[in-house]
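Input: structures, listed below.
Below, chain A partners chain B and then partners chain C, in two separate complexes.
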Partner chain A sequence: MNSLSGWPGTEKLKREKVYILFLFLGLVLVAFVFITIGNLYYKQAEDFSGLIDAATDLVVLKAIAISITMALASTLIAFLFGVPLAYFLARKEFMGKSVIEGIVDIPLMIPHVVAGIALYGVFMRYGLIGAPLRKLGIVITDAYPGIVVAMLFMSLPYLVDTAREGFKEVDPRLENVARSLGASHWRTFREITFPLAFPSILSGAILSWGRAISEFSAVLIIAYHPISAPILIYEKFTSFGLRASRPISVLLISICLVIFIMLRWLQRRRG
Partner chain B sequence: MNAKHIVVLTLIAAVVLSAACISQDQGKSKLKVIYAGSLILPFGELEQAFESEHPDVDVLVEGHGSIQAIRHITDVHEEYDVIAVADDSLVPAMMYPEYADWCVRFATNQMVIMYTNRSNYAAEINDSNWYEILARPDVMFGFSNPMFDACGYRTLMVIPLAESYYGNQTIFDVLIARNFDPPLPLIKDNGTYTVVVPEVFEPQGDKIAVRGGSVQLIALLDYGGIDYAFGYKSVAQQHGLRYLELPAEIDLSSPEYCETYDKAKVTLGFQRFTSVGVERIGRPIFYGITVPKNAPDPELGLEFVNFVLSEEGQRILQDNNQPTIPPEVDNLDKIPVELRPVVIKEIKE
Partner chain C sequence: MIEVRALYKDWKEFALKDINLEIKKGEYFVILGPTGAGKTLLLETIAGFYIPDSGEVRIDGRDVTIIPPERRRIGFIYQDYSLFPHLNVEQNIEFGLKSRKKSASQDTNRKRVKEIMDWLSISHLAHRYPATLSGGEQQKVAIGRAIAIEPSILLLDEPLSALDRRTQDHLREELKRVKEEFGITMVHVTHDQTEALVLADRIAVMMQGRIMQVGTPQEIFNKPLNEELADFVGIENVLRGVVRINENGIAEIEVDMGVTIFAVSEYRDGAVKVFIRPEDIILSKSIGDSSARNVMNVRIKELHDMGPLTRVKLDGERSKHSKRIELVALITKQSREELGLKEGDAVYATFKATSVHVVRG
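Coming up: the complex of A and B.
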């Protein structure tokens, strides 16, 4: 029966049964996100000039630029310290390892306002870290470093956890072979382990960057100013309503979506 | 039984207990109340008292900045049975006629300067030197965002009023204007003061901390991140903070000084999106409460309002340091009959 040429034959349908079932189940989640965001865009389409106004408004562009660059700074710091931690956790068994892993994951469970208040307590002018930094002339609260600190706290588990799983998938025997052939531990890590785990690390970095951009409540407490995009959206919503805040949201989501898709595309090409 | 079993059993117990707690409120009628952040503690008590009198009702309460609370109804189209805000003039300005057509004044407040024992110069500050102390280089202070928090725009009324009360024309400049970049403009015209809030409202340097609501400022005060914060007396008392009472001529507490207060105005200096409520005029602080027209259960809403305005409700508010006033309504002909017994007076202005 080949009258429906182009359609998969019943044979193929049978073979792919599980895939098809999973596709439909999975599409529920995709639709969940798509409908929510699509509705936002649809409503905005009725007020296209509002979107143009937002896209040409320096205040809006500055806030979005602050969010994107501060999130990048936060991700780079998470990378610098998180990758070594992830490697260590992937390779070593020791007493209290689950405690360390638990500590790293605390930011995932803690209400963001609580995190913001706790961060404020440590980084404000008399805080444990804020006081010595202030002596050096570095102010964290209500300044760019405050935004980075809040973003870093909330987003670091995504990088550490994903990178750790990536390192675990790299067979230690490969490392042993390299080392038995005379490569130093450092060189083995640089040339064997890190490149093999890189897709996971990159994935973790992308997640961490996205999570950092979206952080609102913790930033709200420690660095309301300089105004980053989520704070601006909140301000516009509360002072002037949805008509003022929605175009900024749509703009932020669009820019981040483009960056996300490009990064995922790069990742796939490497993989 | 090994450790793994214990962990699994503990997890199961936690889930079962949580489910039991959640299911307790199932099947009750829901009453949704949204209100100004400064009412969080007193309304929490009102909620409990109302629930114990109406065991079949589950009161769901939500605290926000006043303007934000109204936006939830008018912009996000969420449905609430009762809304209470810290500035009753916002209800006609933002909700009439589509979402409400009456508003009852039921409470008042007083602007104070909150501080703690650790605040710099806490031992020295009084009602004749506070503006000098706030100006000192090692003093940091905060107030909430005037664009959407009633306490924020009220702060920007108190400070210009202080200029005229203390006969010192530099107070606003020293405390506020020069700590913003560009400096925040204050237009003085024939005894009236107008603060123009720019679209980019961002303090310069670290003298001033601006936050969305006064509750966030309290966290900053508690840690000593700032020394002083402008806020409501009720909130300072509820949080056990020290506070400086300001002269009645400037603290927006007394209807006697209506004509003094209305010399101070705060306007948003940009017109985009601002169809309503661009200008706020100084007036005594009055809290307003109403039942929105789209309330899912308006009868229950009215019952709650009735309870808030009843002797018992007013006593609960007072016990929580929230000063009350005899209820008055703006539109006596629009108010539902259920409220007629408690609200008899119409506001005459």
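Coming up: the complex of A and C.
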């Protein structure tokens, strides 16, 4: 590339023209997100006391805490069952594999309200799963488990799909060699496959966690209470307008962004 | 000893068909074949990565057909080394020790790793990660990692193919050293004939999922069982003929009207194919006294420069009754220059009766 440094600038630009065109097209999307969120912060900056009020309001803090912890629970469950599924799908070919992959991706395709209604049908008191659970004294609807169930349903494809692609990238020959060296299949998975796929699994977990926190419609239907952050924001918006709902939104986004950036940073450092 | 009996396996676009092999203890055994022959699949099945559709694999008399790979004590080396990218050289070599010797302390393991690294002269790489190593260094680490577990068998899948010539030469010597020092049975898969020739005690030629011939390098390269094998091992001269007489084990084979080739063969009559390696054909401008039984008048059709060697295409004298005989000879560039050979020259092609391999066909 050094030999190009003597060229006139316009010549260099001409060589890069496809990139330049694509950059401008892509920037439309970046601007779209940035302006929307930036505007939220900008407007809030004019009403700083409103933000302080929200940040010291116990109802608000509790709703945000519920959102974050329930999303974490949902992600842990998705991890516990999703990682094995992802590994299996990455390694095995079998009849009906695409059916299973399709089922896992259904939540990505259906409207969230519909998912909420479907979940409610299954988990309500007389529902297919709700009824037997109720006999055991476990209530799902309008309770913490309801929030987790809705979040899990909406977010699990992100973890499974990303982890599956991560496992696919781990060369099966590495596993073969590990086994030839005397490691059991289980040890091979723990010490070779899982650590190598971990960056992808973590990405999937972060996506899944983010998706879980942001879930509104499905949670709304199955568990309006205990009130989680998106529902509180919506409630404030419909009752008191933008001014009341914005500070909570800013607070929630800020906390999520901090966690998100920290995780990404950790992930980079490992890689 | 490794015994493979009536082994069949279908996997993706590869297949093993009725594989039967007996590999002796301490032998350097090479499986030679073109790409796509199923060589890797065979090796992976011996290692236990796949369970065959039918047939069996025995190691030292024990049936291991369905035994998982971790209980076979077989080292495996892939072409691309397959080092664990998240572990450094030391940890890679130590990996197998951790699973095999449950009782061994970490110190004992470390000492063993150190010994192996010294033996392979890679101690200075101990704390490097695979991505920072050259191909040759990586392959040495892979060898170290495999021999750390003191395997009785080492399976090598094209271990030298991704390396440059000089590194190949060096690692070939290392592989011989491994075999001699530890008495490990080596099964080495390759498509490279030189590699097979240099390393092998015995060679099995594999094509389209089948073992076509097993023998010493001498047998494989000079006495192929059929035309396909002859072609594969670079025997370019294949002539069809009929055995007219056989006197004291020397067959006279008429390959053309009036053209007879003498060959050491047991065949007394019938149609045969005659194989002659191009490097066994001597070219000269005059007939001198020689012990070679076969001398033919030929004309140089084409000369191809191949670095130190020259490939010479020859046309036999055309007879009235049949198509002309074509031969290929391989001579050194020096000989070519000394004889002053050029296209169109008439020369004598001479070869010994012992250089002619005859099969039915």
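The criterion applied here is as follows: the second predicted complex is superposed on the first by the 243 of 271 C-alpha atoms of A that agree within 3 Å, B and C clash if a C-alpha of one lies under 4 Å from a C-alpha of the other, contacts with A are read in each partner's own complex, and residues count from 1 in each chain.
We adopt the following convention: a contact is a pair of C-beta atoms (placed from the backbone, for glycine too) under 8 Å apart; a residue touches a chain by one contact, two chains touch by 3 or more.
All values reported here derive from a predicted model rather than from experimental measurement.
Q: Do chain B and chain C fit side by side on chain A after the overlay, or clash?
A: fit
Q: If we overlay the two complexes on their shared chain A, which of chain B and chain C does A:F260 touch? Say first, second, both or neither.
A: neither
Q: So, does A:F81 touch the first partner chain B, the second partner chain C, both, or neither?
A: A:F81 contacts neither chain B nor chain C.
Q: Would you sort A:F194 into first (chain B), second (chain C), both or neither based on which partner it touches?
A: neither
Q: Touching A:Y41, do we find chain B (first), chain C (second), both, or neither?
A: After superposition on chain A, A:Y41 lies in contact with neither partner.
Q: Taking the superposition on A as described, I'd like to know which of chain B and chain C A:Y126 touches: first, second, both or neither.
A: first
Q: By residue count, is chain A touched more by chain B or by chain C?
A: Larger number of chain A residues touched: B.
Q: Report, in whole Å, the shortest distance between any C-alpha atom of chain B and any C-alpha atom of chain C after the two complexes are superposed.
A: Once the two complexes are overlaid, chain B and chain C approach no closer than 20 Å between C-alpha atoms.
Q: Residues of chain C touching chain A in their complex?
A: Answer in residue numbers: 44, 47-49, 68-76, 78, 80, 82, 84-86, 95-96, 98-100, 145-146, 148-149, 155.
Q: Touching chain C in the complex: which residues of chain A?
A: Against chain C, the touching part of chain A is residues 171, 173-174, 176-185, 187, 191-192, 195-196.
Q: Once bound in the complex, which stretches of chain B touch chain A?
A: Touch list, chain B to chain A: 65, 67-68, 71, 74-76, 140, 145, 147-148, 199-200, 202-203, 206, 209-212, 216, 219-220, 223-225, 268, 272-274.
Q: Which part of chain A faces chain B closely enough to touch in the complex?
A: Residue positions touching the partner: 53, 59, 117, 120-121, 124-127, 139, 141-143, 220-221, 224-227, 234-244.
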